[in-house]
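One chain, chain A, links the two complexes that follow: it is found with chain B in the first and with chain C in the second.
Showing the complex of A and B:
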């Protein structure tokens, strides 16, 4: 029993960190643009494909391969996805920032379809699942008899590092200050001489790159990636961001841990829970939003007259 | 260029000629789109459609003229519409694929009209229309298979079940709003779809098979329809059934739009706090919008289940709800005619894009994004309410 508990605890933390990283992207973009970027999950899940392609390119064109080059490819993919985020913002998403919320939602859902179809067509045999290797392998240490893998450790440490970096960036740097100002009130920020195009660019790069890392970790955790993984990644990340409170970074992390917690609990303790896990997750979302309509750590919505 | 207001009012003869000819032209266009094969024909017809909307946009008096002439001779308008709708299967003949497309388009038109009560009239997001549609389909199918109830009995029972579901989704809408409410409805939709996918008694992912065909006055809907010696394929039965449902939905939508309920929904859309201050029971009207949506969606679901006689959870996913929502937005929110056009366009277009084979979903996504960027108000934007003495 204790072994099972420790094992599930590790699963929970690992999955929770991945969801938290996805949720941060949703929250960040919503905070600045007031737009739900529903295709964020799909953008994130392009990263495993890009890094697989890069690994193959490195192997055939340069003739190098191995675990170290996988990491290099993954990092390059994260940066590339950040750039994809900027491009999507410039071409599509930015135009919907002043449109009714539903318009943006539908447009980004359509954008998600386009991204998925592009992966399917551009990647060789894109309709099939593709095996994705563990970014790091091996056992770091054992708790009792339960082995803790380097991968789980990597996920946790990477998440802590990224979150710390993001907090430092938002609180301490001039650009972070501008992002926070724009998310507080875009019009006033403009009046104070903040160029919102730069703010958008930075926000989308950061959110998409962090999402890409989450996508890579997710594919690595599942051991496989497929062109339509982005739908569920998007739905779960979005749910995590919303129940945590949109626009709140601690909320996004909390939301990710809660969603992952329910999923792991359902899988472990409910008979046949694996197939019902989404039911539990979304019932929880409904319950949380009934009692905390603006999310757990969200700012309550003020009705202005 | 703009015609003065007085010349917009057409004479009776002109009005009759215009309404008859314009409806016939619309029907002919639909016929050619349905019959079109190959990429270039589709592209050509789409270009024609685009040119038509461009013309409407540049010369707004055409719309006024059309509205005025239809209002002038309502009987002729309805008679022409009835002849066109009733006569279409005769023109199509034995082409069952075209009839199938029309049935699906009509069912989607009902779903889009149902969603329009919330999204269009009251501006409440709802991504659970697909779930209500699925509940209608499953409840009626289960009743028919397990208890042998006839189609006509399952119809109201399915609608009742879905309406209860609508009330349940409506309850969180009293507290949450906008994006948060959107997520609640998405969550409800996913929960329903996942449950249908996992329960044993709903057939799990395999769904339900062998839903019996309905019959009316001893005529089974699975048999070909024989009218005055004309033999129409069995799909014609369901074509007329779904057409009848569209008519019911239009009348419901029109009556609700004209009633105090429709006015209350519009007030909600304009400003919730102001509506509350005017004594409108905001919570009740929001919940009501969800219930009406689920009620109509269940009708469409029931007909769908009995028509294809096989349903599975894949027919009622989140993407179905998004498609319905896209129909409302593309057609024009709170515009009954526009919503129906949107539903037909978005049902038939993806089917016709089969000419682009594997790329059609990609094309579809690009078209929707492009459309939302170029014409966010929809094909037929909502019209101002008119009070009192309409001409």
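Showing the complex of A and C:
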């Protein structure tokens, strides 16, 4: 029993970190643009495909392969997805920042469909699942008799490092200060000489690149990627952000851990829980929306007039 | 410093400013008065470029604000104090001031020196620098909003109803500071409802009624004018 608990604890933290990274993107974009970017999950899940394509390209064009090159390809994919985020903001999302929420919702949902269908049709055999290897393999250490993988360790350390970097960037750099100011009051931010375009560009790059890292970890955790994984990744990430409080970074982390916790608890203690895990997750989302619409750590929602 | 020529603005189909013409010359302190709904805040927003003129021209420091854009105003040396303070409530006082300084100075090297000057001018905020702005009292927020506009040493400051919601003691203190800033050479457009205090420190004044200038002239004459009183008071 103790071994099972330790194993599930590791699964919980690993999955919670991945969901937290996804939720951070939703929260960051919502905080700055006041737009819920429903295609964020799809944007994030392009990273495993870009990474696989780069690995293939490196193997055929340069003749190099192996785990180190997978990491290189993954890093390049994260940067590429960051740039994709900027392009999507400039071409689509920014146009809806002052529009009614319903328009932004439809536009970003449609954008997600476009991304999924493009992967399906442009990637070789895009409709099929593609095996995605563990970014790192092997056992780092054991707790009792439970092996703790290097992958689980990587996920946790990477999440801590990314959250710390993001915190440092937002709190300690001039651009971070401007992003926080614009997220509080865009009109006054402009009066303070803050250019919307720079703030949005930086926000989308960071949110999309962090989302891409979450997407890579998500595919690596599952051992497979599919063109439509973005739907589930998006729903889980968004739910985590909502539970924690949209716009709140600590809330996104807490929400990710709560959602993963419920999934793991359902799988461990409910008969056939793996099939029902999402029922529990989304029931919780409903309960939070009823009793704490602003989320556990969010500020009360105010309607724009 | 500022020229509004025959400016019309509207919110949707509701006209706000109707052929508004006013000017502020270098070194002046001009007070724009008017009752609720006269278009004072719309004038402030039009000067900032947040509300676009449907007709006429708004020129700040000789530049057309429509082409310039709100975000470029501060770099020309314009400090803004919006209605209701509008500090960034989740940022600390020092972060609010840093943004005000960077806006006008272009992230110059003298922030600490300027911060000292502001702390001397506004002793109330000295101990509050690390405090989150949203937790300050109304009076302290008013001082921080003015300090944020002044810290980059702008040539021209536009203030929208800064005395709103302040106690009489704080209002006097606020107007004394405004007068002192003006004495040091800063040009000011003071948009106010408090006619006696506003005109009391101003060189010239305008009385705005239903989006148009109903009366203008020397501040002291306006203050004693029966016509102005009937229009406004």
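Basically, the second predicted complex is superposed on the first by the 301 of 305 C-alpha atoms of A that agree within 3 Å, B and C clash if a C-alpha of one lies under 4 Å from a C-alpha of the other, contacts with A are read in each partner's own complex, and residues count from 1 in each chain.
The criterion applied here is as follows: a residue touches a chain if its C-beta (ideal position, glycine included) is under 8 Å from a C-beta of that chain, and two chains touch if they have at least 3 such contacts.
Treat the numbers as computed from the prediction; the structure is a model and nothing was measured.
Trainee: Considering only touches as defined above, state whether A:286 meets chain B (first), chain C (second), both or neither.
Mentor: first
Trainee: For A:95, decide between first (touching chain B), second (touching chain C), both and neither.
Mentor: Only chain B is touched by A:95; chain C is not.
Trainee: Looking at the overlay, does A:160 come into contact with chain B only (first), chain C only (second), both, or neither?
Mentor: Neither: A:160 stays clear of chain B and chain C.
Trainee: Check the contacts made with chain A and report whether chain B or chain C touches more of its residues.
Mentor: B
Trainee: For A:194, select first, second, both or neither according to whether it touches chain B, chain C, the two together, or no partner.
Mentor: The second partner, chain C, only.
Trainee: Determine, under the contact definition given at the top, whether A:113 touches first (chain B), second (chain C), both, or neither.
Mentor: Only chain B is touched by A:113; chain C is not.
Trainee: Report, in rising order, the residues of chain A that make contact with chain B in one complex and with chain C in the other.
Mentor: Correct list for chain A: none, the interfaces share no residue.
Trainee: What residues of chain C sit close enough to touch chain A in their complex?
Mentor: Counting only chain C, the residues touching chain A are 48, 50, 69-75, 80, 82, 86, 88-91, 95, 98-100, 102-104, 107, 148.
Trainee: What part of chain A is in contact with chain B in the complex they form?
Mentor: 30, 36, 92, 95-96, 99-103, 105-107, 109-111, 113-114, 117-118, 121, 231, 235, 238-239, 242, 246, 272, 275-276, 278-279, 282-283, 285-286, 289-290, 293-295, 301, 303, 305
Trainee: For chain A, which residues are in contact with chain C within the complex?
Mentor: Residue list for chain A touching chain C: 174, 177-178, 180-181, 184-185, 187-196.
Trainee: Which residues of chain B touch chain A in their complex?
Mentor: Those in contact with chain A are residues 119, 123, 125, 171-172, 175-180, 182-184, 186-188, 190-191, 194-195, 197-198, 272-273, 318, 322, 325-326, 329, 358-359, 361-362, 364-366, 368-369, 372-373, 376.
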